[in-house]
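In the two complexes below, subunit A is the common chain; its partner is subunit B in one and subunit C in the other.
Here is the complex of A and B:
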C-alpha cells in the first residue's frame, strides 16, 4: 500500500444550506442530473419511463447507486480508519440475506395471519417492511461488532487475514446444503416477494429514486460523520494508533464505531441490492465482492468519499463495455488497466485531482521499475 | 506539601527474556520539580519510561501516581489522570496539520469525542486551545502545515504541543532534543522550562545531553545497567565521585 492520501477539509463553522451548496457543488449537480436523467431519456428516445432503453439505463444506474454506497462504506474503513478488512462483503451480503430471508419465509406467513389497520387503511405491508429493515440494521450492527472484536488484538496483515477468514466462513455457511430449505444454498434466494410499488420489474422508476435518495442521504451523512469529532479521531487511528492511545483515546472504541457505521451502510446497501435483483446470492458474501469495493475505492481515491462514487461509476461503465468488447476475458484486460491506474494515479482520481499532482514521469519510473531486475547491493 | 510525592515506583523490574532492562528500581518524584534521569545508552531509561507511562507492563513491582496504584492502568486512562508523555522518536499524526494534531489531543480531554453528528470545527474551545499551544511551543504561523512536512526541530515542538494539549500535571519527556542540532536545543529547553513552570507542573526528563539536564533540573537520577547509581541535586551529582568515574568522567573527559 502506498502512502495514504491527504484529507484536508475546508474549515467551516456550521452547515447552512448555502455553505452546503457551495461545498458540495459537484455532488449536487450530479444528483440533479440523475434526477432528470429518466425524464430526459424518455423525452429523447420516446420510450416510456418504464420500458425499453430508458428502463435498461435506470437498471444500470440503480446498480451504480447501490455499489457506490457500498464502496463509500468501505472507504470509511480503509480510507479514514486505515483499517484493511477483507470481510466487508459480509455486511453487504448479511444485509441482503437478512432482508431476503425475512421477506421470503416470514413476511408472507405473517401477512396471511395478521392485518394491521389504521381506521380502514391497511398498513400491514409497510409495517412489515419497516420491521424487516430494522432487522437488517440489527444484523449489520452485529456483523460490524464481530469484525470490531477481531481488531482488538490483531493488527495489519494478521487482522486482514482473519477478516478474510471470517468473511469466507460466512460465505461457506450461506452455501451450506444443510440450510438449503432456508437459504437456497448455492443458488441463493430467488423471487423475493415484494410489494408491487417496490417491484423493480413493474415499478423500476420507484426503485431508481429510492436508491438515488439512499446514495444522496448516505453521502451527506457520511460526510458529516467524517467531519465530526469522532470522525477526526478515527482518522487519528489511521495515522498513529500508538499516539492516539497516549493522548487518552481508546482505539478500540473508535474502531468499533467505524466498523458498525460502515457495516450499517453496507448492510442497507445489500438489502436494497436484494430488492433490485429480487434475490440474494452467495456471491454477495464472497471475497470478490469485497475486492470490488476495494477496487472502486482505490480507483476513485481513498479517504475522499466522492472518490468511491466515481470509482463505482467507472467500474460499472468498464464492466459494461469491456464485456461487449472482450467477452468473458474482460477481467483480464481490466486487471491490466487497474495496474496502470495504480502506478500512474497512486492517490486515485480524486486524490490526484486534489493534490494537483499528476506526475506522469514519476509514474513512468514506477512502471519501468516493475521490469527491472533488482540488483543485490551487497 | 512541599515534598509531596506525585509519582513513585516500588521495586520496579522489567526483563526481556534473559536481559533485565530495569532492575528493582524504586524512584520518587516530588511535586513541582524537574527530575532528570540520565545514564549511558542501554541503561534502561526508556524502558523505565515505558513502564511509568504504561506502554508495557512491568515484570514485577508497582507504580503509584498520587498514592494510587496505576501499575495495570492503560495509557489512555493514565492520560486522563494527568500523565502526558512525549517520545524519543517523533510520534505524531503525519498526514494531519499541526493544528489538528494538537486539537485532537485537546479534544481527547473533553467529553465531545463521540458526538458523531456534530462538526468538529464547531467546537471552538478545542481550536482555541490548540492555537494557544501552537503559540506557546513556538509554531506560530505553521499551524496549517502538514505535520510530515515540518522540519525535524518543529516536529519536536509539535510533539511537545500534543502532550501539553492534554493538560497533564506530570510530563514525561523522553529525550525531547533527540536528533536536534545544538543550535536548536536552547530554544526547546527554554520552551520546556517555560511550560513546566507556567502551571507548576512536574516533569521527568530522560536525557543524553548532560549540560542541558544540569542547568534546568532540580533532581538528577543516574541509571546504569538497569539500576539506580546515584540520586541528588545536579551539584551533588556532578561532584559524586562514583558517578564521575562511572559515567560523567568518560563523557566530560572526552569533551575536555
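Here is the complex of A and C:
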C-alpha cells in the first residue's frame, strides 16, 4: 500500500480572457445592456441622448452604479471579512468631502494661478482632477486605517459600537459650525465647480459611462481580491480567528487589508457621488447611509459580490416606484418587506438562489417536461 | 488574592478623581452655574439611564444589541401622551388587542389535545398553514371599516386646543356597539387559529403534558373577560379618564406606558427575535428594520409632526416655589434651589432615574427573578438544566427592558417635543452609555449615564462660555467612549471575557 503524498502546492488555474468571460457571463451581459441602454432609450423615445426621459433614467442609473459599488465595498467587510462596521459611511462621506473641499477651495485658486501645458494643449484641469482623486484615495486609506486600528483591541459588539462612535464623531465634526466657511456645516458643500465635460447637468452621458466603467472595474477588482490568497485568508479570518492565528497569519493585518480596500472603493464611490450631485452633504456621513448599504447587502445576499449590486438596484427601483404606489408612507411597506427577508431569506436573493439552485432547476425541468410531446405512446 | 486587594484602591482612586473633576468644575464655573449645569446634567443622565438600563439588561442576558430601543422609547412617549391627552385611541383598540391575546394564549390548553389528535400524515404539514392563512384573513376582516387613523387624529385636536392643565380634549364619536360587537369576536377566533397552528396538530414529536389545566386556563379567561369589559367601557372610559385630575392621569399614563412596553417587548421577542438567536448578526439587522417600521407606523398614525405634551398640574403652576414643600402644595413650575431657579419637572425626571436604578438593583440582587437572570448571564445551559424555562426568562427580560424604555419615553414626554425622531438621539447616547459602563452591568450603565449627562451639560456650558459651537458637547460623549474603550475594552464595570 502506497499512500499518495499530500502536496501543499495550491492548485493554480490561469485566468484567461475566455475563462473570465465564461465565469462572469451574467455580469458581462448586464454591463452590455447598460452600455446599450441610453442609445436604445433614445431610439425608442426619440428624445435626445441628453434630455427628457433618457436623461432622467441615466440619472437613476448613475445613482444605482455608485450605490452598488458602495454596497459591494460594504459587503467586502461584512460578508467576506465578517466585520460588522457601522462607520462605513465615514469612508463614503470622507471621499466625497475630500473631493468637494479640494474642488471648491483649492482647485479654482490653483487654476487661476498656474497653467500646465503640453505644447499648446492645456491639461491643467486633468492634472488637478487626477491630483484630487489621489488625495481622495489617500483620505479613504487613512479612514480605513483608522477603523482597522480600533479593531486591534476590540471584538464583536464592542467593536461595532466603536465604529458607530467614530462614524458619529466624524459626522459631528463635519456638521460643526466652527468650520462653516469650509464645510458649510449643516447644509454641506453645494455647487462644486466641475469641468464642463464632467458636469452631470450638461454632459450626463459622460458621467453615466464613467460611473459604469467604475462599477465594472470595481467588480472585477473586488472579484480578483476575493479570489486571491489574501482574500481567502480574510474569509478564513471570519470563520475562525483563533485558528488563523495558530496557523501563523496575523488576523489584524488581514483585517487591515480588508478595511483599507473596502474603504478605498467606498471613498472613490463617495467622490463620484459628489460629482453626480455636485455637492457633499453631512448626510453622506451619517449612520443612515451605512444602514442603506447594509440593507442593500442583506437584500442581495451577504458574501456575494453580485448580491449587493442587485440589492442596490432593487432599493433604487423601490425608492422610485413605492412612492407612487403607497404614498408618502412607502418606507413602512419597505421596512416590513425587509423584515420578512431577514426572517425568511437570511442569505438574500443571490444566496438563496445559490442554495436552492438545483431544486429550482429541477422543478423547472419537471415543469417543462409536462409540455413535452411524447413520441412513442404504444 | 491580589486582584481582590486592588479593588478598594480603584474605588478610592475613582472617588478622588470624580471629586477632583467636580471641584475643578465648581471653581471654574462658579456656584450658581455649577448647580444649574450639574442639575441639567443629572436630568440628561437619568434619561440616558432609562434608555441604557433596558439596553444593558437585554444585552447582558441575551447578547442582543437592540437597535430599536430608541423607537420603543418614542413609542412609549406616544402611548403615554395619547392616554394623557386623549385616550380614545387606546380604548378604541384595547378590546381587539385583548381578544387577540386571549385567543393566542389558549395554546397551552389546546396543545395537549391537538398533538394527540390523529391526523393523516398529509394534513400535518398543511393544517397549520391553513390555520395561519385563515387567521390572517379574519384579522384583517376584523379591522375593515374601523377608522384607526381617525381615532389617532382626535388627540391632535386635543394637543392644539388644550390650554393648560386639565382642559377636556375633544372626543370623536366612536362606532356604536351594535356595529362594533363582531370585531372582538372575529379577532378572538383569529387568535385561536394562531394557537391552533402553533400547537401543530397531529405532530407526535411534540411534547405537552395535560397537567395543571385549570391553572393554565386562568390567564386566557381573565384576558377574555377583560376584553369583554373593554368592549363595553370603550365609549365611556375616555371621558372618565379625561375628567380626572391631571396628576392622576399622568400616573395612569405612566402605568399604561409600562404595561404597553412590557407587552410589546414580549411580543417582539417571541415573534421576531426568537427565530434569530442562531444568527446573532441578523438580530441587529432585524432590530434596525424594526426601528424603521415603528417610526413609519408612528408617522402614519400621528403624522410626522412634533407635539408638545402639557405638563401635569403638579409641575404647571406659574411662579417659583421657595421650598420643596411649597412646590408639592402649589404645584409650581419652577423651584428655587440655593438661589438657582430650576424647572420642577427636571427634579421629577432625576427622581425617576434614581428610583429605576434602585428598583433594578433590588430586583437583580434580592429577587428570585434577578437570581435567575444573573445565573442565566453566566451559564444559560446550566440554568435550563436546572429546570428553569430560559426562553420565558428571555421574554420577560426583553419585556422589562422595553418597559424601561417606554417609561423613559413617557417620563421625557412633557420635557421633549414628542416626534418620531425623539428616540434616535437617546438611543445613540444609550448605546454609548452601555459601552462605557460595560455591557450587562446596570451599575455601570448608571455611572456611565451620569458621566455622559454631566459631560454633555458641561460641554454645552463651556462651549457657550468660550463661544465655540455645540459640536464639542455633542462629540464629548463619543470621545469619552473612545477613550474608555481603548483603555478598558470591556467597559468600566464590565467583566473580562
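Just so we're on the same page, the second predicted complex is superposed on the first by the 343 of 378 C-alpha atoms of A that agree within 3 Å, B and C clash if a C-alpha of one lies under 4 Å from a C-alpha of the other, contacts with A are read in each partner's own complex, and residues count from 1 in each chain.
To be clear about the criterion, contacts are C-beta pairs under 8 Å (C-beta built on N, C-alpha and C of every residue); 3 or more make two chains touch, one makes a residue touch a chain.
All values reported here derive from a predicted model rather than from experimental measurement.
Visitor: Quick one: subunit B and subunit C on subunit A, clash or fit?
Guide: Taken together on subunit A, subunit C would fit alongside subunit B, as the superposition shows.
Visitor: On the A-aligned overlay, A:257 touches which partner chain: subunit B = first, subunit C = second, or both, or neither?
Guide: first
Visitor: For A:240, select first, second, both or neither according to whether it touches subunit B, subunit C, the two together, or no partner.
Guide: In the superposition, A:240 touches subunit B alone.
Visitor: After lining up the shared chain so the two structures overlap, which partner does A:232 touch, if you call subunit B first and subunit C second: first, second, both or neither?
Guide: A:232: touches subunit B, not subunit C.
Visitor: Should A:338 be classified as contacting the first partner (subunit B), the second (subunit C), both, or neither?
Guide: Only subunit C; A:338 stays clear of subunit B.
Visitor: Tell me the contact category for A:172 with respect to subunit B and subunit C: first, second, both or neither.
Guide: After superposing on A, A:172 lies in contact with subunit C but is clear of subunit B.
Visitor: Closest pair of CA atoms, one in subunit B and one in subunit C, after superposing: how far apart in Å?
Guide: Comparing every C-alpha of subunit B with every C-alpha of subunit C, the smallest gap is 5 Å.
Visitor: Given the complex with subunit A, which residues does subunit B contribute to the contact?
Guide: 53, 55, 74-77, 79-80, 85, 87, 91-97, 100, 103-105, 107-109, 112-123, 146, 162-163, 165-166
Visitor: Which residues of subunit A touch subunit B once you look at their complex with the stated criterion?
Guide: 3-4, 6-8, 11-15, 224-225, 227-233, 235-236, 239-240, 242-250, 254, 257, 261
Visitor: Using the touch definition up top, name the residues of subunit C that touch subunit A in the complex.
Guide: Listed in rising order, the residues are 59, 63, 65, 272, 275-276, 279, 281-282, 284-286, 288-290, 292-293, 296-297, 299-300, 428, 431-432, 435, 439, 468-469, 471-472, 474-475, 478-479, 481-482, 485-486, 489-491.
Visitor: In the complex, go through subunit A and note every residue touching subunit C.
Guide: 78, 84, 150, 153-154, 157-158, 160-162, 164-166, 168-169, 172-173, 175-178, 291, 294-295, 298, 329, 331-332, 334-336, 338-339, 342-343, 346
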